[in-house]
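Note sheet for the following structure.
A, B and C label the chains in the order they appear, each numbered from 1.
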Amino acid sequence: MVRLVLRRLAWTGPLLFVVSVLCFLLISLVPGDPARTVLGPLAPPEQVEALHRQMGLDRPLTVQYLSWLADAVHGDLGRSVSTGTAVAPLIASRLAPTVSLILLTTLTVGVVGTALGVLSAVRGGPLGRLVDVASVVGLAVPGFWLALVLITWLAVRWRLFPATGYVPFGESPVGWLRSLALPVTATSLAAVTAVAKQTRDAMLDVLSRDFVRVMQANGLSTRSIVYRHALRTAAVPVVALLGVISASLLGATVLIENIFGLPGLGSGAALAAAQHDIPVLQGAVVCYTLIVVAIGLLADLAQAWLDPRVGAR
Amino acid sequence: MSGPGPASARLLRRPLVLLALLWLALVLVCALHPELVTGRDPVDQDLPAALSGPSAAHPLGTDRLGQDLLSRLAYGAAGTLWGVLVAVLTATVVGVGLGLLAGYLGGLVDALVGRLADLLFALPAIVILLVVVAVFPGDVTIAMLTFGLLLSSGLIRVVRAATRSTREELFIAAARLAGLSTPQILRRHVLPRLRGLVIVQASLVAAVALVMQASLAFLGFGPPPPEPSWGGMIDEARAVIVRHPWALFPPGLAVALTVLSFVLLGDAARDGATAAWSATKLARRRRRSPGAGVARTTAPAPAHPTGSAPAHPLGSAPAHPALSTPVHPVAPPPAGTPRHADTLLSVRQLSVQLPARPGRGARTGTTVVSDVDLDVGPGEIVGLVGESGCGKTVTALSILGLPPGDGRITGSCHFAGVDLVGATDRQWRTVRGRRIGYVAQDPMVSLDPTLRVGVQLAEAVRRHTGLGRRPARARVLALLRDVGLPAPETAARRYPHQLSGGMAQRVAIAFALAGDPDLLIADEPTTALDVTRQAEILALLARTSRDRRMAVLLVTHDLGVVAALCDRAVVMYAGQVVESCPVTDLFARPRHPYTRGLLAADPHRASRSGPLPTISGTVPAPGDWPTGCRFAPRCPLAGEPCRRAPVPLDRLGPGHAVRCVRPDEDRVAA
Amino acid sequence: MTGQPLLAVHDLVVDLGQRRTATRAVDRVSLTVAAGETVGLVGESGSGKSTIARAILGLTPVTGGRIAIDGVDVTHAGRRQRRALSRDVQLVFQDPFSSLNPARRIGDSLVEPLLNRRGVDPVRRRTLVAEALGRVGLPAEAVHRYPGQFSGGQRQRIALARALVGTPRLLVTDEPVSALDLSVRAQIINLLADLQAELGFGHLFIAHDLAVVRHLSHRMVVLHQGRVVESGDAEEVYRRPVHPYTRALLAAVPVPDPGRARAALAAFARQPPQAGPVPGRCSIS
């Protein structure tokens, strides 16, 4: 178990390095002079030139990257080109809505998806077929489109939830929940169906294994067999899938935050991309990667806890 | 078996697949010749009709500028399909290529490719794409090329895992030993195995790429405004969401239907690619598991025969047919051998029928066990002997009310005054584990892999004895000591995978003894073990039976095991009992030609020189049983009377019964 | 038979696993097989008997010692030499279910040993495949079917046909009958004996069942924890085992004779043989 964690963590450093180099290279390809972007098209060329130098853009690319890296190691991610504020606190301030969205969605997906999957596996019949069909349909409905439909009816027509905006948890937990209800619904639908399907298949597989028959034959209670023994084994692939889904939610947050006007990391990254704000984008990428690594680590730990054979490998 | 041709024809007859195909064909026509679908120009502005619903002039309505939605949808198809094609091709070529290399070569290549896949996976796709579209504004091809590359990480992993597992298959080793080169092996054995997998993955990539492309266009990174795109149309609809929500639906449904079609077709194509051989694959039996054949071929159970209970692999779980819908014996009151008053278990006319599986061959149910009579006295060890597919395992499980594949049990099965056929939940609770224990063949898979041995045993002990936590723990240690584990405390802390086969089987026996049963049903308990381990387990069973005065019903194919352990033997062939007698008679005076043939074919008994005596032919599968004597086609003594009508089980003498027309003829099968 | 054996294994050592955690699976094993001879290799799981087979066929790297086929050293044969060797040496696996690719027709599997052989055109291949099927008692039309349509015994016949289609001079069989039912097992044992009489190949027969090995083999080699503990004439070893491990092994096999089996089990229960490593090495050959 400890070795598993260490191996994961040892891999994080090189991963961050490669990701940041890649992003730096990609961003350097963006046409146009960031200094010009900052000052606007009407600024005199001398002024642009001065800012260009001040931003260090006249230095070679490797030097630019290394100086960024040196600062980043010390927690300084540079300053935003467009607003001039420091990137690290900017990102920190945008972290809460995104992390809230991911956590709530993962929770919803985990609870609802697993429950549906287990029920459909144990009961079978129409519920089972529903889960099978829903997993395909869920994949087909784009989350951002569903978000628009939810806004139209639940927010605009019936005024059940706010259409846009974010209420911090510290301000009002209920408001926080209400502000996230629609975004979470929109992002979790496809994932719920996928997890339900995975859970159902895993449960059906485990329930047909020999040890289940042995336990039945030796008189263990059905409830214990299903929920204590089978579910634990079936949960291993489900947790792996949940990890993948949580990581992929980061992509969804860009669209969803944009639609619901949530001041999160995703909408910030989209804005930065539009403004050619390299330091902010770079910071966002690093932050995203860290979150992906953290999710992967959590998923691995959960699997090792569920199945001792995973940790032993 | 049908070849690939008829298989694909069969797939086309599935209505959903046909619909998916038709929809994709329509999208393709739109992409190539949109003018065939609509006469309107996608950028023509019919301002008076702006924001109208469906009408004759505008079948799908119009947008804010009065542009025709149907026309915009049709003209937007080309860009959509092109983007999907680029992403799918990139992901498939990169994913299959690298996955195959990593999986087959292993070592350093594998490590590097694995790291690359990790990296691609950890990159935030949408942010990278935002950067790409900023560098190459409006260029769908490059954006989707990048996205395909990012998506290939999933394919790399899946293909690598599948290649690795295929590489470990014996048939790959066989091909290498046949002198095939690596490219030949990849082409002949590995790639065909991956085909179905890659098709499904590619269809998923297509689905995800389509949604991503629409997302980018929605965010304003698609083709510039007057030009139509599906995602852009959703963005245009968003602006008028309050006044005219209808506009959301044409592009949204177009995306959804296309994605659905991709996924459905992917599944169907996978089925088509494997249809020729996968139907027979189900018949694959596990290694070293004589008797499991019947259970295997029918493992997934889609429908319950009566339709009253849902299908269920657990067999029992909350809605097990044998529990929720008690099966009443339809057979007349047990005939044949009379029941002894002092027997512990008395099975009469037990038959098991597996449910009909429409569309999968069998239209009527298949009988896998017919009219089995069987007695076990208190403390007696009875061997249930037979070859694969003779129904001995099904019989054993049916006594416990757990027939494989939702089988239907008829007949009677009296145990300590209760007829177990048709027993209620409440009755079963007092029988399973408390009166009858069960040990399965393969100890490595008969324990829950995720829990410590002690925890599992404690659960069984507490359930059967009602003991508290502490006394239960003491009981568990005593049980482990009883089954001969020298260090019970250590063993209790182990996980099943940390035990050797022999130790795991001891634990499995302890599990079955937790409720101190009167009868132990052991299904090939030593088949998966080495001979010295086998001897230990046999000695343990003999000792336990003697010490606890516990009867044992021992299912086995090994005549040596029967000789070493059993008091009486019941020989099964093709679902029937063919001979039943004390063990000394079985070896000294076997009466049924099948029993004689089995004994003669055993190399222990055969003389060293010359060929072994054999029984010609093979055991017939359930459903192919002859009407007369079921052994007649393989019997050297068979005559006309044998083939005419079913042969009854006749009593020859005290405790000896034989199902044969001419049991007195001593000519042994040569 | 000439002075040079068909297969000569000398002081073979095989370590399995990664360098740090390697275990010695085979420890200085020597044995020979002559043309037309069957040598039985007996042992329990973990005795190294399958590893020896894999080493002979180049499926496992060899740590030390020498393997020669027809006097030619093949211990560290490269890919090219191995492919050439496939003409002379063939293997039959224990599991008749996974040793045939379920997705390929029987004909496709059977033709593989002939694919890279010069001077064998497709017509000739078809004839050879049909002949091989006939030799193992299967109809020629079986080439069009999939493995899933055959029973275990029939599949083992198919596996034998594949091994023999290229008329190898040495056949290695790894537990070829232990996954089969009793009545089918006898058929395959007889088939192996008949085929050897007809084709004259040398046969290294690996099994755990001493009675089967005695029946089929001329000589017998008993392995325990990677070492040879006893070897000699098959009948002799079976009747008069010298090494304690061979005796324990023989005692542990339940004989289909109630009197003897019960006595053996009782003796076994009183005094189970020690599971520890065998002290020295007794080679009686």
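As a working rule, a contact is a pair of C-beta atoms (placed from the backbone, for glycine too) under 8 Å apart; a residue touches a chain by one contact, two chains touch by 3 or more.
If you're wondering where the values come from, they're calculated on a predicted model, not measured in any experiment.
Comparing mean CA positions across the assembly, the chain most remote from subunit C is A.
Taking the mean of each chain's C-alpha atoms as its centre, the chain lying closest to the overall protein C-alpha centroid is B. Centroid to centroid, with C-alpha atoms defining each point, subunit A and subunit C lie 55 Å apart. For the pair subunit A and subunit B, the distance between C-alpha centroids works out to 34 Å.
The residues of subunit B lying in touch with subunit C in their complex are 1, 169-171, 173-181, 184, 188-189, 192-193, 274, 276-277, 279-285, 287-288, 290, 387-388, 530-532, 534-536, 538-539, 542-543, 557-565, 583-584, 587, 597-599, 601-606, 608, 611-616, 618-619. The touching residues of subunit C, counted against subunit B in their complex, run 44-45, 57, 59, 82-84, 86-87, 89-91, 93-95, 97-104, 108-109, 112-113, 115-117, 145-149, 151-154, 159, 162, 166, 178-179, 181-187, 189-190, 193-194, 208-209, 211-212, 214-215, 235, 248-249, 251-258, 260-262, 264-265, 268-269, 272-273, 275.
Note for the complex: subunit A touches subunit B at residues 11, 15, 18-19, 22-23, 26-27, 29-31, 122-125, 128, 136-137, 139-142, 144-145, 148-149, 151-153, 156, 204, 207-222, 224-226, 228-230, 232-233, 247, 250-251, 254-255, 258-259, 266, 269-270, 273-274, 276, 281, 284-285, 288-289, 292-293, 296, 306-309, 312.
By the touch criterion given at the top, residues 118-119, 121-128, 130-132, 134-135, 204, 207, 211, 214-215, 218-219, 234, 237-238, 241-242, 245, 248, 252, 255-257, 259-260, 263-264, 299-300, 310-319, 397, 400, 402, 428-429, 431-434, 436-440, 442, 445-451, 459-460, 463-464, 495, 497, 508, 511-512, 514-515, 521 of subunit B touch subunit A in their complex.
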